[in-house]
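Since the structure comes first, as structure tokens, the remarks are kept for the end.
Here the chain labels run A, B and C in written order, and each chain numbers its own residues starting at 1.
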């Protein structure tokens, strides 16, 4: 496996996604984030099937820093139970992986 | 690895993605789906390079329920060979993982 | 794990994403690509926090062919350090996995 990972998170608005994105990159918890176009989410909530527009985003960070990034996003997020998951990366372009590691951590 | 996974599937239309999404969530095969904005797909089909607009979607379910979700999406899908793949999750926010497991299965 | 993988790459423009997508599919390095809607990227570059519109894309290929695909995308890409990562697939619909393998390689 690669030394870097993708962290997928879903936000309630573009503003929240950009604010939290800039914060965790400023704090060197993530090297970058790709905030995707709005998505249509369908989900089960308190027994009913609900639907809402949300903003999905892909953060890149080191595998070692992933849990701290997940905790910080959750801390800043407006939801009580935000969707935040860490996806493993099998292999990455070496120069990109080096860049992600250099842009995060100490 | 986490006890939950992402299932990535690509649909022929927004209507199909939303119909199948609501069906599998109603049947407790998935906890939620993020139906992304339309994508431009390029692919090799019967020897030629083709292009079409499609709708990508990310379902979240338990690792134990993933194969049943894949089979049900394929069953409902309009394509003979739909793109349906299961992506492992290395780690998820505990409260989110618990929610996905509670919203799926028995 | 499945015999196929997803390769995630981010491009500077729709034109670049489609050109490189068609090229690597023509060269049988990838079976298909889903070029997602434009995303908003935030990233750390030479000490400053920058933001730009980019085009994310998901390629599907065989696990055995992934490194050659990563190298070819990097070769064709306009960036010095493009974001190109290989995501493992735990399980795929058998017919789809067979199709990806048949559309790539020799």
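Quick note on the criterion: contacts are C-beta pairs under 8 Å (C-beta built on N, C-alpha and C of every residue); 3 or more make two chains touch, one makes a residue touch a chain.
The shown structure was predicted, so the numbers you read here are calculated from the model rather than taken from an experiment.
If touching chains are joined by edges, the resulting network of the protein chains shown connects every chain directly with every other. Taking only C-alpha atoms, you rotate subunit B by 120 degrees to land it on subunit C; that is to the nearest 5. Distance between subunit A and subunit C, defined via averaged C-alpha coordinates, is recorded as 19 Å.
Multi-chain contact residues, meaning those touching two or more other chains, occur in subunit A at positions 36-37, 87-88.
If you check the complex, the residues on subunit B that touch subunit C are 5, 8, 10, 36-44, 49, 54, 56, 63, 66-67, 70, 74, 80-88. Contacts from subunit A toward subunit C in the complex involve residues 2, 4, 6, 14, 18, 21-22, 25-26, 28, 31-37, 58, 60, 87-93, 95-96, 99, 103.
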